[in-house]
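Shared between the two complexes below is subunit A, which has subunit B as its partner in the first and subunit C in the second.
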Partner chain A sequence: MKRTFCTVLMIGLLLSACAKQQILDKINLFIVASFDEISRDQLEITLVVPRFQAGKPEAVSDELYSKIGNTSTGIRESLRAQMDKPLQPGKLSVVLFGSDKASSGIEKELDVLLRNAFFSRGMYLAVVDGRAKNVLEANFNKKQEKGIFLYHVLDANTKNGTLPSQNLHEFEYALVGKGLDPYLPLIRNDHGRVVVSGTALFKNDKFVATLDSSQSRLMKLLLENVNEGIFEVKLDSGAFLAIENVGSTVKYHMKNEAILISLNMNCKIREAERYSTSDEHLRSLKKQFKEQLHQEETELIKTFQKKAIDPLGLGDFARSRNRHWKEEDWMRQYPTMKVDVDVHVNIMESGIKL
Partner chain B sequence: MFDIPKIWEEFRESSDFVYLRQSNHVDHYLICFLKSITDINVLNEQILDFISKNAGLLFDELFEELPIAEKELSSDWDEIRNKLLLGYVAIQQAPTAETILLNASSSKGRTVSKPEIEFNVEGSKEALVESLDINLNLIRKRLPVASLRIKELHVGDVSKSRVAICYIEDITNEQYIQTCLQRIGDIQFDTVTDITVIQQIMEDNSNSIFPQMLGTERTDRIVWGLTLGQVCIVVDGSPNAILGPVTFQHFFASYEDYYLPWLIGSIIRMIRFTSVMFSILASSVYVAVLTYHGHGISNAFLPTIIASRINVPFPPVVEVLIMELAIELLREAGARLPSKIGQTIGIVGGIVLGTAAVQASLTSNFLLIIVALSAMASFTTPVFRMSNTIRILRFPFILFAQLWGLLGIFMCSIIVVTHLLRLTSLGMPYLVPFYPLRLKSLTDTIIRPPYSKFHQRPGFYRTKNPARFDKRKSNLKNDIDE
Partner chain C sequence: MTSHIHERKTVSPYLTFVIVHAMLFGIDFLFLVIKPIQMAGQDAWTGVLLCSVGIHIVIVMMYSILNRHRTDLMHIHIRLFGQGIGMMLNMIFTVYFLFVSVYQVRLFIEVIQVWVFPELKTWSLALVLLLIAYYIISGGFRVIVGICMFSLINTLFFVTIFFMIPYFHFNNLLPAMSHSPHDIFGATKDLTTSYMGIETLLFCYPFIKTPEKSQKWAHWGVLSMTLIYVVEVIFTIITFKTEQLSDELWPGLTKYKFIQFPFVERFEFIGSSATILRLFPVICLSIWVSNRIMKFTFAIRQRKVLPFMLGLVFIATCLIPNRVGVDLVHSWIRQSGISVIFGYIPALFLFDISRTKVKKTK
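Presenting the complex of A and B:
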């Protein structure tokens, strides 16, 4: 008994040296990092290290550390030389890629993120229109730490906004998985403000096309069940109406070699200035909205097909219905494939005003 | 006349020993007693008065006619000596070898008062006192059944404390009764001043920090335990009784739970369980997260935690130990001082020291809240010994958290749970009905069920009669017309 106890104690005391202590306030954290391409095999990494003030959680200032080098881990090592405390990467929540970097492929950088268990799979990735460092240099928020602010911007826009959800884990799935292509949110620096401007579409790990924010919203409708979003309908009379989506469901069907996407949407009229919302008018409005939605969605899918990218994961869906599915065959027939969108719109209410 | 017999010699050294020669012109008696424990009124008004008025009685006749309820005629010197020490009056007449022993003992002590440790708002306000006779009276008054047995033993070579073992004959399992009787009979200790002495000696594992017998001062709790099949042990001189066998969850059930409506009682009991977990784990999780797992803190929390800690020069473990020690100091100081000064200590320690420590950057605000909360949470444990256990249990967890982070906390939990699994209370597994799992006995554990669900005594007591009442007739609320 005594011997077992002593052995356990000894093992305990000896092993305890193996665990590496990283006391939270004695390390440098960074919540956001950016990657920019300098030349063919050189990249620039920028880290934003928050500086906290004692007793004032709201007064956070940021320090930018930037370095050019060949590999991201090498750059991180040389950044350490400038810092007063050891660098701890575990808190990284947002990674920005400059558009040049994204266009030439981000697989190498992703490998770093995916290989290390310190990095959260829930972190957000985004593509910056232009240089990513410019966004981080901008003084876009005085109240919050830049990384936390960017995280909240991306979080709010994917959870309750126009962006289809995409974090590191989902991006990896789309990248590695067969029959689907990844996409990322696209942000830009608009006169010192960070704006989410749309979606960046990827072909494998390369950024190839962009969607604006209304197209992103349409894409989100086809990707997941959504319960928010405002759609503007242009009437024949030239007037605009705002319709709010209260709940839409999307379902894919496979019929022969064609794919049918059925989209059901419940909505409310939010804004209808000088437009009568009697039953008769509503019926024509519903028809118009339905047609508009159908046309826009079909166009969106056409663009995808034309560029031979598949962010919707139609190939992935087809693979689940066909055990003899082959990627090469699919890619050959995808651009010319028949994809129908079947839209149902249900206007639930038009407000309390006639 | 005769001299004082040699047998009294050893008492003559004590100044409270009285020997007087009493005569009524015919007979001469020698009366001995210890005035410190003898009721002088009984002696004067009944014994001496009777002797002086009844001259010419034979010694046997005197014994029979003395108007005292407890009397004995004895010639055994050991017995005479022991009875004298209990407050008896010894009467001897020179020619006879026999001694009359009359009980005139006076006992001075507290009267029955309110429970102070297991205080409650609802329910009876009756607590045990130091006198065994009063305590047994309180218990028997609540259980007017012939099968309530009280077995009295004497423990301790010097103190000769009276120990009473109470149980209900047709409910309690024979094994538990015999275990109690045997263990108490085997106790080798000279002075038993309190029930806790017996508790520590007779527990299955005397080296465990977990209590294996439930100490209580509430008579209603004792009666509840007895009717469920527990054995109750009461000692003269202690205002507490112990109940056994018990299981782990009994220590977190306040008796007031049974007086509140079952839903409210259950919720309060669950809050108590959570607070115990919080109290044990909170500060160790703080150490683990701040030392090893900083990346696990959400972005929303990060600025608050770092900003409150950034000027603290110590690593988290030192910070936590300082604060925990401060709380323990406050607690000890408060417990050792009279209650009025205790309040001042609370204010000085809690408010002045707390704020000053934060301002001096010796600790973070965040930790102050955690430590204060966990100290408060540990007070919710209704049984004092268990709340002490929880107070101590925090420290190994903090140590393990410092060594291996969250992994260490899990390792420490495993050690604690393994220990709990090995514990028994009078031979009954300590973690029953959770392990070994007894589904039917789970009713009164985390939730306090309504009374209609109490139709069976918990199976783990192995009672002679498991049924408490007819289940089918419970909860009938018929209309008076039916």
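Presenting the complex of A and C:
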């Protein structure tokens, strides 16, 4: 009895261990992929497959594979015909969308990324100004693998830069959630360099408007608590000053049908240009900075309202404060709604000089 | 007709906590939040509390029946309803527990097939799992309770929630109490599935040393699971939008997708394989219970029935082909579980009380 038990257990264990092996040297990983629209129902996918040379850990070259087809998984299948090793999608960390593809909707491609258990929810998505393939073709970095480099560019710009945080999970969250619209970073190929040029705003799954990088920084201030970022202030005298944000907090309030956003910012003077930082001057500087910030933020919100997009999630906020919130009613009143921004600025330090 | 279990085979009363914890912390935990949240949205956590209150009352009823007769349910059945009907009720319970274990085994294999090895055959993994289950169950009740201890390790995986802190949106919890009582009761009813498993206590009772003292531990077990469920529901509400959840299958595993370590790129492989810790306690206890009923009914040795039972589970597991099949079995088990916990046990309780009253007046 015991012997039969042991034999059957061993056979079972050995049989169930016969799963497909995937050894790193024998598969093709890709870290970045891009989607471009060719015609109405055809798209082009480009994958960048890193090639490592034995014995030289720093020597990485990239190989581009691209193919046109109807569905993304079908294209992946036909890409396999060009490759020497099986393709493994598990490491995909950056997905780029060409601006044409983004404007005609990316819901189908998102579904592929969300459905497959092998894709991470922390991957970055970005919209490319122009064709996404052009960015991947550019030789922007010789030392690092392109995908890793792009991942680090987006990661650095999100964690301590102008981009509001957005990965696959957050994009889906904003896309399916009621009363908020998603946004993605916008990058472009600037003479062989990859530049993060701003934010792409979406209406549902379609790319409709862009913000430049100073506007994205202003939007980030309204979305989350930020503790970095340089702001230029134009003084009455015409001179420019640079002020660094060392910690801003943002809070939304609902006051009888109007939304009040209160923004509190602690900052440091970075560039004073012989401008004396006496008490009186500081006060006027503070006032000017405050007014400038207030005006810029209000303008930003006005643009959102005009385009009927809601990347700040004001609708979602209103939903959480109002039991009888309806999406249709909200969309009707949103473009003309009153949104106030209340800015408080606190200049804490002026560096190690007066 | 009180069944006597040798003291060597019994466990301490505090281990009731472990049994309850292990039975409730099954694989279902990975997706228990979806339906309640779809029904009651941000108020789903009130459903958890309501359901927990109901379960506490059911436990009180169970213990009052058991303490009065000082034996387990299969003896009580025969005592209350006579040989024929009692036997039939016992057989119904056997089938129910077998179905629970079939469902759990198939669910675990499905998780592995979707998340780790898509090309894995159902039968090969089922064979290995059931052979290990045979090894554990033939060790007796004390060994099974020992295996239940492993489910406590699952609580450690709760720490992973803190990796999602950057994605929290506390606004999702507001406005509180905006759903109708009807929705909240719907969520409560749906959550009963996650409390299924306490009915095993009806059969474990004689195996507990000084069983009257174990009631307190059963309550503590349910209380600890209520806390875990409330936390899980609240964390899910603040991380995901309700619309997002409607097309997730296993939000409990999706949350592992946010975790990245330099040395483990994909935590979900570890997380989905670790569900085996949830699987074994549940299937071992369920098969043990049905096995015990068979032994009692047909007066054969437990060792002889066990391979036969495992064979049945194996065949039934292999017969469930896909997601749709798993869902179908789930809905059967849900219905029967709800009717056992909130229908049969209270009915039995009332019947038992009125019977003793009638006897006294005579």
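Just so it is clear, the second predicted complex is superposed on the first by the 340 of 354 C-alpha atoms of A that agree within 3 Å, B and C clash if a C-alpha of one lies under 4 Å from a C-alpha of the other, contacts with A are read in each partner's own complex, and residues count from 1 in each chain.
What we mean here is this: contacts are C-beta pairs under 8 Å (C-beta built on N, C-alpha and C of every residue); 3 or more make two chains touch, one makes a residue touch a chain.
None of these values were measured; they are calculated from a predicted model.
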Applying the document's definition of touch, where does A:31 land relative to subunit B and subunit C: first, second, both, or neither?
first
If we overlay the two complexes on their shared chain A, which of subunit B and subunit C does A:322 touch? Say first, second, both or neither.
second
Using the superposition on chain A described above, determine whether A:121 touches subunit B (first), subunit C (second), both, or neither.
second
Is A:4 in contact with subunit B, with subunit C, with both, or with neither (first, second, both, neither)?
neither
Partner chain(s) touched by A:165 [first = subunit B, second = subunit C, both, neither]:
second
Pick one for A:12: touches subunit B only (first), subunit C only (second), both, or neither.
both
What is the contact status of A:177 with respect to subunit B (first) and subunit C (second): first, second, both, or neither?
second
Could you tell me if A:39 is touching subunit B, subunit C, both of them or neither one (first, second, both, neither)?
neither
For A:88, using the defined touch cut-off, is the partner it touches subunit B, subunit C, both, or neither? Pick first, second, both or neither.
first
Counting contacts the way the document defines them, which residues of subunit A are shared by the two interfaces, the one with subunit B and the one with subunit C?
12, 15-16, 19-20, 90-91, 120
In the complex, go through subunit B and note every residue touching subunit A.
289-292, 294-297, 299-300, 302-312, 315-316, 361, 365, 403-405
Parts of subunit A lying in touch with subunit B, wherever the complex brings them together
12, 15-16, 19-25, 27, 29, 31, 50, 52-60, 88, 90-91, 93, 118, 120, 145, 147-148, 151
Contacting residues of subunit C [partner subunit A, same complex]:
114-115, 117, 119-121, 124-125, 127-128, 131-132, 134-135, 166-167, 169, 171-175, 178, 240-241, 243-244, 254, 257-258, 260, 265-266, 268
Within their complex, subunit A touches subunit C through residues 5, 8-9, 12-13, 15-16, 18-20, 90-91, 117, 120-122, 165, 169-170, 172-173, 176-178, 316-317, 319-323
